[in-house]
Structures are given as structure tokens and as C-alpha cells.
Amino acid sequence: MRAAARLVARADGRGGTTLVELRGETPLLLRQVPTRRGGVTVYVVGGAAGPLAGDDLRLHIEVGAGAAVRVHTVAASVALPGRPDATSRMLVRAVVAAGAALHWLPEQLVAAAGCAHVAESRISVADGGALSWRDELVCGRYGEEPGDAVVDTVVDHGGRPLLRQSLAVGPDAPGWAGPAVLGGAPATGSLLVLDPSRPAEPPLVTAGGTVARLPLAGGPATLWTATAPDAHTLRRHLTPPEAPLATA
Amino acid sequence: MRPETDHDESVPHTHPDPGVDPHTPLAPAGRALRVGIGGPVGSGKTALVAALCRAFAGELRLGVVTNDIYTTEDADFLKRAGVLDPARIRAVETGCCPHTAIRDDIGANLDAVDELAEAVGPLELMLVESGGDNLTATFSRGLVDRQIFVVDVAGGDKVPRKGGPGVTAADLLVINKTDLAPMVGADLSVMDRDARARRGDLPTMFLSIREDPTAGRVAAWIRHELSHHRAVAAVPVGPA
Amino acid sequence: MAAPSLLLLLADGRFPAGAHAHSGGLEAAVAARRVTDLATLAAFLRGRLATAGLVGATFAAAAHRAAPAADRRARLARLDTELDARTAAPALRAVSRRQGRALLRAGRTIWPHIPFADLPGAGGGPHQPLVLGLLGAAAGLDRTETALAAAYGTVTAAASAGVRLLGLDPYHVHALLVDLAGACDATARDAADAADGPPEDLPAVAAPLADIHAEVHATWEVRLFAS
């Protein structure tokens, strides 16, 4: 199954945000929901099970100057096996302008047994743009070993590299469950907060050596990285402080 | 009891042939004299460093690099005992191989030396303390200009006879804790005789920091080496 | 193989570039009781090779590729920021630059004719894989050999630290390294191939515990290893 979706947001000139484009196709459907204050909130509504190996899903997000967008998903996505030797892909491209804010806070990706999935994110934030970006991965459904999953996140800030990380789990990733990578934790993830109004926070390790707060080299950005015994604990570690939807 | 044959006259000492300087050439002009202080665990290296800090306080711009396991307690000790600002101390992690860090792979120590000079300005004397090791551990000439090897009487009066590169080749051998000799049954004259046999003309000094809290003769030896270092540094190199 | 002796020289743990003082995260993993014996050390080494090992080897290969380029300074500068972006933990960035400084010190003295002036990272020093890449190129190693020296170094440093920290039998630990040899060679080949790609697409394999362990380690009052 192939699907593409687009979300384009602009400032409405009255301090708010308007969606000038919002379209998707099954299983990548987008729904705007009412928001308390400036900015818009959009949910990605999964229109089918999956992704299944062989699926190719693409989402393009553009947030123009002065606009603010928050994106959630209604449920975890469960990467499942599909056609033999095929890989499922989910590619999110996002462009965030100066003075714009994008908060990408989806539900977890679950790598089910036998899956072959690649989740790619390519994000470009202009100088003066703000970003929260969460990636969460649960290795297998309850009591099962995961298939192969790669969560690959590339973020540029002001045209310079800010974050490149690719987490691989499953039979094709040597040592992934071992003490150098996840130490047997079935859930892992990271939350990147890039906020031009706040300097990066100093490094700190919490939660008994399972969560680290890491100031990045390439901008006013902090990465929280975590391993956890379950999805619920992981979410507690990777919930951003309530960020204002509009930076202006 | 002090042995009859003391080496006091060796500070300052003369060379057998005044025309030939047996020293390894000293460091290039303008940088601190680097003096290594090595020796077995518990021989009193840190206490000697503290004594020297005390001796040179207000006299020399001093820095210390230590390869020993270094706690904030140690820093406090040096700060209290030796009027040495913790900013003038750098600790080097040696990966459980203290001899490697001072002899075979000296980069981390050279880094620490450079960092200290960058952090606190030009220094005149840099003491590099080894981690506690055995009798075979010595400093590389790439790291230090002079080295002091510290053994103590409590380690037994056989230590000088055992030799090893520290005892035989260090520029100065310090036999420490002489105040304990009667208690441990060490015969200082035996140690002195064996040290002379092992070391030829190289100086050996007996020391009790309890009795001499500024390690006066060791400090005097360093002052002498430092004046030599400065004299070499002052000689113009090559055609003007 | 153009310069086999020089490959052995650069990969030798006795090469004076400070490797003996680095455990590659093992000291913290041992303290966290995540590595306790031969089996957990084996898993640690395998995971480290597939993550930091591949990334380091690729950047060494990419620097090797940049060495003869006309725009070498710009390429090295880009590799520097790309490697920073792949090293989320500030403690690991500092370690890479510290090791780079140590390798640079050795390289400058041993090979005085090799130019290093255009290496980026003036403040904390250049990233270690970039220095290794330039050294490998100047020593006449090919790109895969240079990547191999990098990959091999990431596992041998940690393995040797395992012997020292856990008192493991050195014969058994070397048997682990023999088991890993094929993976190490394959990592070097993958790294050499990947180095042809654009800098943003170079491997960025992450290891959450490597970041966490490094930051915990950096807070200790007493460390036996520098990393």
C-alpha cells in the first residue's frame, strides 16, 4: 500500500495558524481538531492495520513563519510482516520556518515479530524555528521478540546538521538488546526539543541510569534519550514540558 | 638513626668532569621544568608533593599532574596542606595502567600539562606524580625532565638492593619515612650502601616529612635543577 | 594491501595515542552491572562494533576520502559537524575530541611531514576518526584498512578494559575478539562503502546506553578510565 499526505500551515495574520493544505489517503489520513489557543492540532488517523511490509507511506509537513502545529497519532502503529523480503517505510519530511513551531508527538511504533520497517524523519528547521520531535519504539508486542525496525532521524537547524540518529533493533542489528545498546529494555526513544528562546539544558542522567538529558552541539537543543521497561514508563520520560504552541 | 654517609654534599653537586654534562638535555626554553615523582604504593609520593607545594609556595608558579587515583579528598588534602589551589592540579585517568600513562603512552599526561599551563598561565615547575606502581615503573624522558623515585623504609631495607630502573636510574632517589626505621627494623646504612652501589654518582636522600615538612633538601635539589634548566633556556640557540 | 605493517602499527593498542586509558563505555557498563562476565562482555562488544564502531570507521574512511581533495578543509569541517550531530552525549563528543588530540599529538611527532592544520575542532581538538582518516591516508593505507583500524580499535579497547576491570581470562577475551573478527572486517568494508555517500547520509547508528553510560561516567569523582 502506498500513501502520501500533506500538511501545510501558515500564520493567519491574526496571531493564529491556518492550514492551507491538509490532505491524506488511506492509511494516512489527517484530521484537524479544535485547539485551546493559537496554533493547530492535527491527528494522523490510521485508516488500516499496519504498516505492513511493502507499505510505503509519506507525510510532508510544512510550517510557515509564525505558524504553530502540533501533530499526534490516534494510536500506536504496529509494524507487521507483509510480503516476503519487503520492507515497510514511513517517511516524514518536515520544514519549519523561522518563528514557526512544530511539535511532533505521535504514539509509539511497535515492532512486531517478523516485521521489516524503516521509519525515516527528515526535518529542516530554520534559524529561529522551534521543534519538539519524539520517537518511541517498543520492541515487540507483549512477550515477543521484535522483527527488524530502524528509526532514523535527521534534523538540520539553520542548514547545519543538528541531530543524526538511527536506532536499529531486531535480528539484523547485532547486539541491539545487549549492554552496549539497550541492555534488555523493551522500550526506547528520544525527545528532541529545539527552542530558540531557551539555551540547551546541561547533561543529566535520571531514573536510575535509564534517561539522559543531552545538550546537542549544533544549536539551542536538548535531546532526552531513554530506555524503559514498558511503553508507559517511556512516555513518562519523554513528555515535553507544556510548550507554547505559538512562539511569536 | 641517620647513616654516617649522607649525601648532603651532593646538593648542589658537581659533575665528575666539569666539561661534560651527563644530564639528558633539558627542555626547550620557556616552559616549566617537569619533575616526575614515582615510586611504589604508600611510599609517600603524595606527601612529598604536598611538602614541595609548601616549600615552593609564594616562590614558584607551580602545577601538579597526578596519575594516582585522585579524589576530592586528595584535592582538599593538597589544598589544606600545601597551599595549592585545586585549579593547579590535574588528574589523569590511566585505565588501570599507571606505568603506561607515564612511560609508554604519555599523551594524556602531556595534555594535562598543556591544559594546566593554558588554565593558570605559564608555570615554572610542574610536578608529575605517578600512580602507585612497582619498582620497575619510571617516567618517559618525553614527559619529564627529571625524575625522583620515592621508596620508604617501611617497605624493607632490601628495596635499594632489588634495584629496578626507578632505584638505579632516577635522577634522585628519596628514601622516605626515616622516622619509622627503628619501628620496622630497617637499617638505613644498609639502604645507603646498597643505593650507592646501585646508583653510582646519582644522589640519594633520606627524608622524614614528619621531621621536615617542607622536604628541604629535596626542594633544594629541585631549585638547583631549575636554575640549570633556566641557564640552558637562556643560552641562545643557533646563529643570531 | 599497500602498507600492511603500517596498518598493524596504527591498530596496535601500544601505539601511543592513549587507547589504554579508554574503556569505550565499559567501565560505566560494569559499574551499572550490565556487563559482569564473558557473555555480557561479548554482547557489549558486538553492540559497540555495530554502533560506535561503524560510525567511527565510516568517518575515518570519509576523512581518508577527503584527504587528497582540493576542498579538503571544507569537507573535513562538514564531517566534524556531522559527527557532532551523531554524538548526542556531550561527554562522548569530548572523549572523541580528547582521543583525537592524543592521536594528533602522536601523528604530528611521528610523521612531521603530514599536514593536519586544516583539521577542524580547534577548541576541544579534532574528532578522533578524522585524525585517523588523515593518518591512514598519509601512511598509505587504503580506505578499508583505515576503517578497519578504527573498527578494530573500538572493540579492542573495550575488550582490554574488560580484562582489567573484571579480571577476565585474557585468553577467553581474545577468543571473543576472534569470534568478532569477521564482523569487524565486514564493518570496515561497510564503512568504506558508506563513505562514498553524502555526509548527511553517513551511518548514524545510535546506542542509547552508550550516551547514558558516558554521562554517568563523566560525573564520577574517581574514574579509572578516561571513558
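Per-chain residue numbering starts at 1, and chain names A, B and C are given in the order in which the chains are listed.
Here, a contact is a pair of C-beta atoms (placed from the backbone, for glycine too) under 8 Å apart; a residue touches a chain by one contact, two chains touch by 3 or more.
Remember, it's a predicted structure, so these values are computed and weren't measured experimentally.
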item	value
Chain pair whose interface holds the most contacting C-beta pairs	A-C
Per-chain CA centroid nearest to the all-protein CA mean	C
Maximum centroid distance from chain B, chain identifier (CA atoms)	A
Chain A-chain C separation of Cα centroids, rounded to whole Å	29
Distance between chain centroids, defined by C-alpha means - chain A, chain B (Å)	58
Intercentroid distance (Cα basis), chain C paired with chain B, Å	35
In chain C, residues with contacts to at least two other chains	none
Of all residues in chain B, those that touch chain C in their complex	69-72, 92-97, 100-101, 104-108, 110-111
Touching residues on chain A, where the partner in the complex is chain C	152, 154-156, 160-168, 173-183, 188, 190, 203-205, 209-212, 214-218, 223, 225-227
Chain A contact footprint on chain C (complex, rising order)	25, 29, 32, 34-35, 40, 43-51, 81-82, 84-91, 93, 183, 199-200, 202-213, 215-216, 218-219
Chain C - residues contacting chain B, complex	14, 16-23, 98, 101-102, 105-106, 161, 164-165, 221-226
